[in-house]
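Quick heads-up: structures coming right below.
The two complexes that follow have chain A in common; it is paired with chain B in the first and with chain C in the second.
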Partner chain A sequence: MAIQRKKADVVIVGLGWAGSLMAEELTRAGLEVVAIDRGPWLDTATDTPPAVDPDELRWSIRRELLLQPGEYTLTFRNNSGQTAVPTRELKAFQMGKSVGGAGFHWAGMAWRFSEWDFRVRSATLERYGAAKLKGLDQVQDWGITYADLEPFYDRFERIAGISGVAGNINGEIRPGGNPFEGPRSREFPTPPLKDSRLMQMYRDSTAQMGMHPFYIPVAHVGSAYVNPLGVSMAPCTYCGYCMFHGCGNYSKSSPQACVIPALMRRKNFTLITQGYVTKIHKAEDGKTATGVSYFDEQGREVVQPADIVALCSFTYDNARLMMLSDIGKQYDPVTQTGTIGRAYNYQTCAGAHVWFEDETLNPFIGAGGLGIQVDDYNGDNFDHSNLDFIGGAGLLTVSREGMPIGRSGLLPPGSPRWGKGFKQTYKDNYQNYGIIFGQGTSMPDRDAYLSLDPNYKDRWGTPLLRMTFDWNQNDRNMARFIEQRAVDIGKKMGAKHVHTFNSAAKSWSPYDENSNHTQGGMVMGEDPRTSAVNTYLQSWDAHNVFVVGASAFPTNAGYNPTSTVGALAIRTARAIHEKYQHNPGSLV
Partner chain B sequence: MKRRDALRSMGALFAAAGLAKVGAVELKSVPPQTGLNREMLPSPVMSGGQGNVFKGQARATLTAVFDRLIPHDELGASASEAGCVDYLDAQMNGPYGESKDLYLDRPLRADESALMGLTISLRTRRDYTLAGLLFIDNHAQKLHGRAFAELDGEQMDAILRQLDEGRLDWEGAGSGSRLFEFLLLSVREGYFADPLYGGNRGMVGWKLVGFPGARYDYRQYIDRRGQDLGLEPISLIPVS
Partner chain C sequence: MIKKKTALIGGGLAVLAGAVMLGLVIQANSTARSAVADDVVRLADFKATDAALIKQGEYVMRGADCAACHTAKSGDFAGGYVIGTPFGDIQSSNITPDREAGIGNYTERDFFNAVRQGQGRHGLLFPAMPYTDYVRMSDDDLRALWAFFSTLEPKNHKVDELAGMNFPFNQRLLMAGWNWMFFDNKPFAPDPAQSPEWNRGRYLVDGAGHCAACHSPRNALGGPIAASALQGGLVGTWFAPNITNDPHQGLGDSSVEQVVDYLKTGSDGVAVASGPMAEAIENSTQHLTDADLRAIAVYLKSLPGKPQPVPAALASTDARMQRGGQGYEVHCSACHGTQGEGVSHMITGFAGNKAVLAANTDTLTSVVLGGAKAVHTHTYVTGAGMPAFDWKLSDSDIADILTFTRNSWGNSATAVTEQEVAKMRKQLGLPAQMRASVQ
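After this line comes the complex of A and B, so read on.
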């Protein structure tokens, strides 16, 4: 018999950025919240202080802070005609392993999506006409606009202490910021960090080319800061042990550093660690949920009843738990019906590695997101009339490539990788390497979706999630274009070697580590036939189930996802305590 | 007891596989322990190594391969002089070698590696590496009638080049170059990881490229753009 717990107002599955921000709103409004996370408790000062954090092998190479495939994995295939196989080694499927989720060891680029990103379909029709959407029938608007989300972006940025330079405040374009961004209501909460040599070179060259370089907004606070929840943070020290690492300085914004300390003080908040949720229970009428079940570390099944269920368990388990619980209808690529698993999308990346001569870049000075970007070829910021694609990419350089194991594999093409000459080449190139990274949009496609795997199971005997994905033609064309823009920039910067990469040049594989940004599958929208959740991320099929995360993105932007995840989470939580709890039912 | 030895014995005491765990618990506040969680400290490798995994012929082959990949020259120590063999021995003796992190459930489909580009297949890294070294040695015997470690440098390099360029396969297409990549990755890890793990002795790898090691605050250096900062490297453990 399963162990029964006391009923809560809200049960939150997963305490990453999405879950902790939801919990913060809901407990502040007085609701009784229980959060369940499959990971153990982990905190910055106790677990990743400066005596532990600066260790490339353990964190960047072995990735001990990440969830390993032995504990959780997905199966994968490129198209519905193949039989999927499990991903056995950790590469592209990167997930957090502890409370705090991937927000504990993320790189920290903290973007707002552009106005265009929320209405790709309508905007494309308006500017180019229907022909431009040929082959892109699943591209659809989000059902909310940038303006709807602006107050919640602002709230996320204040809580996280994001460092940046505004490019557009209430419509006024500001020097030094991104002129293409949507209007912000005010300046960033903390100032920018300083430029590295590489960043200055990138700024100068792109500006000379007529582009508009700006400082990437980052979750590495730019000055001492106290956030609206009363939590203190300290300025980033450019230690460089950042992406895949915790932060020992209270400088990298994470659920642990920014939200959880405040949550844990609230009497109406309870956290259960190492509880692996495998099912949402449906009420007898089939229209609502009554709570969730999880397995604790001893393998006992525990039921947590609740009036409201919020899935904040990242793209994969957000979809998988709906499938395992039989809520909503599984998407079928043949009939194109069903919405659960539909419109999975990714991040299309292309760019160039560049090597200079006689530079002293001091690449060990850096941070996960410390960089400069140009958005001149992102979204719809440039004319696509004569191009064979929609979308684009942010083109950036970032100062985080100083760690010596990783860098030993980044030598100019043709140079000795081993034996005689390797040491000399590496020595000559260590100070001379830079990256130009195009992080591009991703459009949904008929044969890109999530479903349950019929053959492989996890250690609880539940089916693994199966991903079916390959690049579509639009995104391949876009990536080719971006690759060339990266070459132009590299040459302008005076690089001696420019070596391009283009992830969409061959079929996708989870062993090619292109990006860990993985969206869709439980997409939001205004039409229950083509979206799994409404614009408040509320399930169309069970009105007290909310599915929160990048799983809701119907299309992906040429930016990292997390600020948008945070903004959506806060917006949903606010709708729950302001409206839903007083009048349960559809919010739209 | 010297500090380094003290650290080592502490590492042995708290040698933890993976992450420290509080246990399945219900938390109503931040756990009261706020000091460093000692289970998070890494476990340093005994100097001189243990020789637990690579013994006899396997150790000789590994040493020879590693020293062709990173030879001794005017720029510094060879891989084995820098401790890379001890490094890999310790790695293979722990959770990494046991492949605790991999999903190894069956079935293994015949087309799996074509779709996925799989490196390890369904066995532990330890078994994989030992089998790979044996293959290299057998190949040397076949070509020259001698163990790999007894070949001259040019002969060794010729075999390694065959693997590197995908001209010598072992257990299916692409397996030779995958084995090579794995050994190359391993030697680089040993040469450039913190000396705590047994390799990079005297921080030879870091000194080669000018990496300052486990430093944590560059605020006073960020404005000195384009300058050689001349920073001596530091390790997580004191090294001579």
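After this line comes the complex of A and C, so read on.
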């Protein structure tokens, strides 16, 4: 017999960025919120203080902050004709193992998507005509525009203390910022960090090539900062231990650093850790949900009733829980009907490793997202008329590659890999390595989707999620183009060796680590036939179920997803407490 | 003083002294002031309805910080909070209106007796309950407090307050003698020569605020040492610093505004509260009005203290300073800043932080060894964490780093010794520094 908990106004599944931002809005509005996270409680100062944070072996190599495949995995195949098998090492997607989710160990790039990214289909039709979308029939608009999301991007950036230089304030293009970005209502809350030598070189070379370099907006605060929730942050010290690490300096924005301190002091907020949610309960009429079931730390089944269910459990479990709970119709790639699991997308990456001679780059001075980007080949910022693809990539360099173990593998091709020769080469190259990384768009495809695996189950006897994905031709073509742009920049910078990489040059594999950005499967939109949730991330099939996260992205942009996840979460939460709670029903 | 005395005179004096003593014991334990309060209606049978009075009572409760000690896991005001003393552990009582487990059977007069004279219905209270300060609280404030307590939810949580006290210190009657020796059973007397603000400040500091409970040193019997009032005292493994206007170790260099800021937000921009003071700010001072906080600051800054000669700063060439400087750079500077500047209202700064300069280094050694959590307030919610370094640094590493912080950026204080750190490591029950084992 399952244990019954007291009913809450809202149950939130997963307390990462999306869940904590939702909880912040909803509890501030007076709602009784219970959040359930499958991971344990971890906090920055107690679990990753500066005294243990720069432990590369523990955090970066062994990845102790990440969910391990023994705790959670999914099955994978490249196409519907194959049999999927469980992924034994989580490299292409990196879930957080604790409260805070991936927001605890993320690198920190905090982008807004461009105006084009929200309306890829309409914009492509307008500029190039229908022929340009041949083979891309699942490409669709988000149903909201950049302008709709701007106030919520702004709110996220204030909460997270994002450091940056605005390129466009209310339509006025500003020096030093990204001239291609959508209009912002104001400047970033904290100033930029200082440029590294590598960043200066990148700025100079790309500017000389006619491009428009700018400082990457990043979640490392550029000065001491108190956010609108009264949470304090301390200036970044450029230690460089950000990606896969927690930040004990209170300098990297995370749910723990920015939201949870305020949340935990509210009496109408309850957090349940190590609760593994397996199901959303449906009401008798099947049109609404009544709560969720989870297994607690001792393995007991517990029911948490609630008036509203918000799934904030990362792309995969958002889709999986909807499937396990039989809400909505699962996507069928043959008939192309159903929406749950449809339009899974990833991030297409290509670029170049470069090595200079006699430089002093001091790579130990860095931060997870400290870098310079050009957006001249991102989105639709360049003419695609004579190109065989749509989309593009942000081309960036980043100063975070100073770690002694990780760097030992980044030597020019043909370098000795052991012994005296290796040591000498490593020594010669430590001060001379740089990266040019193209982080690109990803378009949905009819044979890229999420479903339940028919063969493999987890420890609770529930089916694993099955991912079916490979690069489509559009994205392969785009990556080839971007790879060449990286070569051009590397040469201009004066690199002695330029060694390219292109993730889309072969079939996608969960063991390749290029980006861990994973989107779609529960996509938002205006049409219930092609979207799983409406533009408020509200299920078309159960109006009190909201599915929040990158699972809602119908297409992926050439940027990191976090700020867009945050903005969507805040927008959804606000719609819930401003409208839905007073008049439950469809918000559109 | 009498240097010579005959047996006769001595005997006569003894009788006289006995009579005087008896009189003083009676005086020290007199509850005559409580006569103004009702002695019929029990708390459990009474529910105040005067909203303004209840609100005033809640404010008085905040100022007196009742919640800090009377609230533990058992719930608000249900007692069970353990207070360690040199005489054993004492547990706070249940002060909800429950008849059995709480103070439901108290009349208003019983309540006055308990709060101001330490006389409960079940016997004399121990001065862990600061009636020695509360004695200065006014009838009006106590009436409001009584009204507030009548609104609390009764909680049937029984507490054996003295279970952890050793014989003979678990004998309540002993307190009659203690009161004679140490309890100044007198109401607050305003000083007409001072401003109303100063008098209000003194009323709060010496009365409800019971600042002396931590900030005044105590003698071997737990009694206050009047001559050293508010010049620093011990609280477990913490040293509650000098809060007189002493320019070197006290508030001499702080403005009234900075003291107010500290009590309201947990930090004056340099020092950041943690430990018992963090609790006092969270539960008590942040809830007080700006006018009251200002009055407290004005009064504290009027106390001259007993300034001691300032030790000369150690030379930066001193070997301890050299080692400590390197240690500071590696282990401390990322958060506390290369110039000891900290982060305003979040991370403690050391430059110009008088609490760092105290002769007693218990707070410094215990925080570095065991870590600490900073205060969180309505204004600043974070409560930043200081990690523990017991596993990472040796006693001499810590001594050198502390010596460096006490003698850099304009600071000057005595060096911290390895022995002081070792003593605190033992007191905290922490293992030795972790070392790589060689097989």
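Heads up, the rule we're going with is that the second predicted complex is superposed on the first by the 586 of 588 C-alpha atoms of A that agree within 3 Å, B and C clash if a C-alpha of one lies under 4 Å from a C-alpha of the other, contacts with A are read in each partner's own complex, and residues count from 1 in each chain.
Definition applied: a contact is a pair of C-beta atoms (placed from the backbone, for glycine too) under 8 Å apart; a residue touches a chain by one contact, two chains touch by 3 or more.
All values derive from a computational prediction rather than experimental measurement.
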Worksheet item: Now for A:229: first (chain B), second (chain C), both, or neither, which partner does it touch?
Response: second
Worksheet item: In the superposed arrangement, does A:265 touch chain B (first), chain C (second), both or neither?
Response: both
Practice prompt. Considering only touches as defined above, state whether A:44 meets chain B (first), chain C (second), both or neither.
Written response: second
Worksheet item: Where does A:183 make contact in the superposed view: on chain B (first), on chain C (second), on both, or on neither?
Response: neither
Worksheet item: In the superposed arrangement, which partner chain does A:248 touch: chain B (first), chain C (second), both, or neither?
Response: both
Worksheet entry | chain B versus chain C as contact partner of A:405, first or second or both or neither | first
Discussion item. With both complexes superposed on chain A, which partner does A:57 reach: first (chain B), second (chain C), both or neither?
Written reply: first
Practice prompt. Check the contacts made with chain A and report whether chain B or chain C touches more of its residues.
Written response: B
Practice prompt. Look at A:151 in the shared chain and tell me whether it touches chain B only, chain C only, both, or neither; answer first, second, both or neither.
Written response: neither
Discussion item. So in the superposed three-chain picture, is A:305 touching just chain B, just chain C, both, or none of them (first/second/both/neither)?
Written reply: neither
Worksheet item: Do any residues of chain A touch both chain B and chain C, and if so, which are they?
Response: 43, 45-46, 49-52, 235, 237, 239, 248-249, 261, 265
Fill in: Residue ranges of chain A in contact with chain C within the complex
43-46, 49-52, 224, 226, 229-235, 237, 239, 248-250, 261-262, 265
Fill in: Residue numbers on chain A that touch chain B, as the complex places them
40-43, 45-58, 61-62, 64-65, 68-70, 73, 76-78, 82-83, 85-90, 97-98, 193-197, 200, 235, 237-241, 248-249, 260-261, 264-265, 269-275, 296-298, 359-362, 364-365, 402-405, 407-409, 417-420, 422-424, 426-427, 430-431, 455-457, 509-512
Discussion item. Please output the residues of chain C touching chain A within their complex, sorted ascending.
Written reply: 331, 334-335, 343-347, 371, 373, 376, 378-389, 392
Item to complete: Note which residues of chain B are touching chain A in the complex, please.
Response: 18-31, 33-37, 40-42, 68-71, 73, 75-76, 96, 99-105, 107, 109, 111-112, 115-120, 157, 160, 164, 184-185, 187-189, 191-194, 196-197, 205-206, 208-219, 221-229, 236
